[in-house]
Amino acid sequence: MTQFVRNAWYVAAWSTEIDDELRRFTILGDHVVMFRKTDGTVAALEDRCPHRLLPLSRGKRVGDTVQCGYHGLTFDCSGACVRVPGQANLPKSARVDAFPIVENHGIVWIWMGDPTRADPETVFDMPEFSDPNWAVHHGDALHLESHYLNVAENLVDPAHVSFVHPTTLGNAASENVPVHVQTEGEAIVAWRWIRDGEPIGFFKAFGGFTGNVDRWHYYYLYTPCTAVIDFGSIETERQCREEDRGDGVRIFALHFMTPVTETHTIDRWMHIRNAAIDDPEAATRMDAMFRTAFAEDKAILEAVQSEELRPQKRRPLRIAIDRGPLVYRKRINDLLELERTEDIASDPSMAIIYHD
Amino acid sequence: MTQFVRNAWYVAAWSTEIDDELRRFTILGDHVVMFRKTDGTVAALEDRCPHRLLPLSRGKRVGDTVQCGYHGLTFDCSGACVRVPGQANLPKSARVDAFPIVENHGIVWIWMGDPTRADPETVFDMPEFSDPNWAVHHGDALHLESHYLNVAENLVDPAHVSFVHPTTLGNAASENVPVHVQTEGEAIVAWRWIRDGEPIGFFKAFGGFTGNVDRWHYYYLYTPCTAVIDFGSIETERQCREEDRGDGVRIFALHFMTPVTETHTIDRWMHIRNAAIDDPEAATRMDAMFRTAFAEDKAILEAVQSEELRPQKRRPLRIAIDRGPLVYRKRINDLLELERTEDIASDPSMAIIYHD
Amino acid sequence: MTQFVRNAWYVAAWSTEIDDELRRFTILGDHVVMFRKTDGTVAALEDRCPHRLLPLSRGKRVGDTVQCGYHGLTFDCSGACVRVPGQANLPKSARVDAFPIVENHGIVWIWMGDPTRADPETVFDMPEFSDPNWAVHHGDALHLESHYLNVAENLVDPAHVSFVHPTTLGNAASENVPVHVQTEGEAIVAWRWIRDGEPIGFFKAFGGFTGNVDRWHYYYLYTPCTAVIDFGSIETERQCREEDRGDGVRIFALHFMTPVTETHTIDRWMHIRNAAIDDPEAATRMDAMFRTAFAEDKAILEAVQSEELRPQKRRPLRIAIDRGPLVYRKRINDLLELERTEDIASDPSMAIIYHD
């Protein structure tokens, strides 16, 4: 049984990853072929011909249709078969799944569940994407050999920063600073302030601070797979209140997790900043710092994944800093349970249960 | 449960692949050690010492016997143990299987089933092998990461040629030409004529045609694993009848499939031609063209195999051009069912069923 | 069900393999982190944090404690958790296993079973280790892709020498010399003398013999995983009695097998000699000869392992020379049965069985 929530929007790709060519992506364990139609919008189809199972991505485009590379069966962007060479009629069962797509802010979102439920209004957005006082910059697609649940937990966990990123995003001063956790609607928020400390490497390099600063980390995790990390620093003497952190140097690090398989996740990350917004070099320098830090996460998460796949002798220990991850696991389990229940309800073979 | 028919002749190797050395081959999932005896004939034994399981191919030849490389147990070419170092008696159970072999036309055939049923008269042959008006040329041993059933289906399927081999063996003109299928004794035959068309790349390069030609493809598939593809071209103005295609430039492409494992097949291919029979360069040029085309098949078949091993959400779609493959699958299933039934009948523990 | 006897001493490493760094070793399928404490003794802990499963070897040493690299949980060398960052209390279940260690003669021994049973007095020793008339030399850690039972059997099997090592440790003259087997307390002993023969390659190179010699091989196998091979040569004219073989050139080849996984074993080998004891070059030359011979064993054992993992059609054949291995298998099975029985007896959920 997978732990993939299907009725949700996932990031399929950066807009720049998709062009006229047929390209295969793997999302929630399924292969999807994507390409840009002649009108520039993105099409996404099940990447398997229903005849002899050849991936459609091994075939070729014919206008806005896809022709299988084995026997030429051809499908339009709704998934309907429009040609079977060697015969006049088109069998009803000759079709593939088509997946709803929304593209905005340079991000391609896909809906892998029941297409009738896909509501474009529920795609993640935040006002800073469209605000000229903020600079938006797309980063990388980081591949992790790790279950997405482990990657997500790491993104609602400010405590790991002191130990995993001691020279980049954290330092030893914060090791014992407690973490606050609460839920805000769909988001789980975990945060802490480290007051009156030396600036961390990131803000030394980027913010130009010389004296002591107050530093904050707010981790917002939206189920199933979007995280926003609001972090920044401000001179301690300015006595910044929590709600005024826009006065400081503030960065949103966005992480869009795409579960590929049960042991492989892509983390597409980007950042939005309120400082040096006209300086593209600043974005490049930030990318470099993030790459160093995220490589540290990757090493940890892949080692954890490897151990999870081995036999377990003990029940896992839960400690105070696990509150955010525990709330997240609970929400995911509730969603999975809901999807299973609905699958049973909509399965005709189970109809007798609802008879009366 | 494997899908290997055991009571049949399979190509074990080209004659040139076997010499005085002990060499391991894997056929129907079993390891076989083969070598030429001092009289030049080929011996084939189970490649596993019954004592500590070391492959006999890791040992050495002692005359026409094989000595295990671990403790020196020695077997003759009938599979009988003739020496156990350190003891005088030879345990009855000390033996390995020996496999019947037939060698002709540069091909080594092996029988992996009940040796009492191996009839050399039933080995595949065709008169052109021995006819001086035809030139016989051995090609390669092409390895495919694909189940043999998928490879075989491809060899009774003229329709794929237009899409998989558009620049070599086919072209777009034939996409909608229907396929005829019938059975002729042991053979399943699928064929079509493409009349009055431009010559395909193969015959442009090889036949020297300049004007339009009639082109034929006849696929003969013999269960379980031999295919003969009779294809050729002739000037359209000669109005060739089907039975007179020997008047044109005609080539038999022979494919001998050897199932190695459930996901690995060797296709040993060769060709016999009625043109340029004294020109060895012609064979070399044909090899090059075939290699290009068969690499196209290999790419398709391996992608199909990969998808077959993944979860299936739908029943496979069957279309008009599948008649040849469907007859083939039916014949294989009948043979497998027969072998299973006979195994039960010959199993002493099941004897009570046949008591009366 | 594994075939690992847990209540026994195993060689974890040569002393030279362990230093101040956290290093991971895999023993009986379990990961262990080892390092030298500030007092120079060796600590060995379960290599997995009980919180989020990160291997402790990915963390860092803080004095004689180990700090996890993910969230900073810290463990002392008894396995007790001494710090959980972000909270004051230490959960009782926050601990890892610690393994008893004995180090002597340059060898680090570990006890993977019930620590209350670990008796340092039962660690393997032999007087020649401490006798100035003998030269002790540590060899390599040879990795074999083979179950330890197969490696061990090879070390109570003088008969394989003639066939596996014809140019190094054996020769054809001994092929039919019978093997004697008996038990001497904990040891299974298999031996044979080859009288009045040409010296083998090893003693030609090392012993300087020119005429014929009497040669002996005594294989002592101690369950579960220690073997001592006493072999040597003496001039035939001296008419050496079995108990006087110390008069000849005598070598003890010691093999300490460490089961890593069910298909991977490390064989740490060393030798002790009574000739050329002040000549370090002699040890280097012997190492070279042993490496050649053990590479021959490795090739055989890995081929055997590969066959064992495939389907078996026959019952394995047992022959006269198998007596030593058969006694060994019986002893291992008895130990495994005993450990299973004791596990049940100490399992509270099975208490009712022993109620009366």
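Each chain carries a letter (A, B and C) given by its place in the written order, and its residues are counted from 1.
The criterion applied here is as follows: a contact is a pair of C-beta atoms (placed from the backbone, for glycine too) under 8 Å apart; a residue touches a chain by one contact, two chains touch by 3 or more.
Just so we're clear, the structure is a prediction, and the values are computed from it rather than from any experiment.
Taking CA atoms, the transformation carrying chain A onto chain C includes a rotation by 120°, reported to the nearest 5. Because chain A and chain B share one sequence, their contact can be compared position by position; here under half of the interface residue numbers appear on both sides.
Taking each chain's centre as the average of its CA atoms, chain A and chain B sit 49 Å apart.
Touching of two or more other chains is recorded for no residue of chain A.
Against chain A, the residues of chain B that register as touching in their complex are 159-160, 162-164, 175-179, 299-300, 303-304, 307-308, 314-321.
Here chain A touches chain B in the complex through residues 48, 50-55, 58, 67-73, 84-87, 91, 93-94, going by the rule given at the top.
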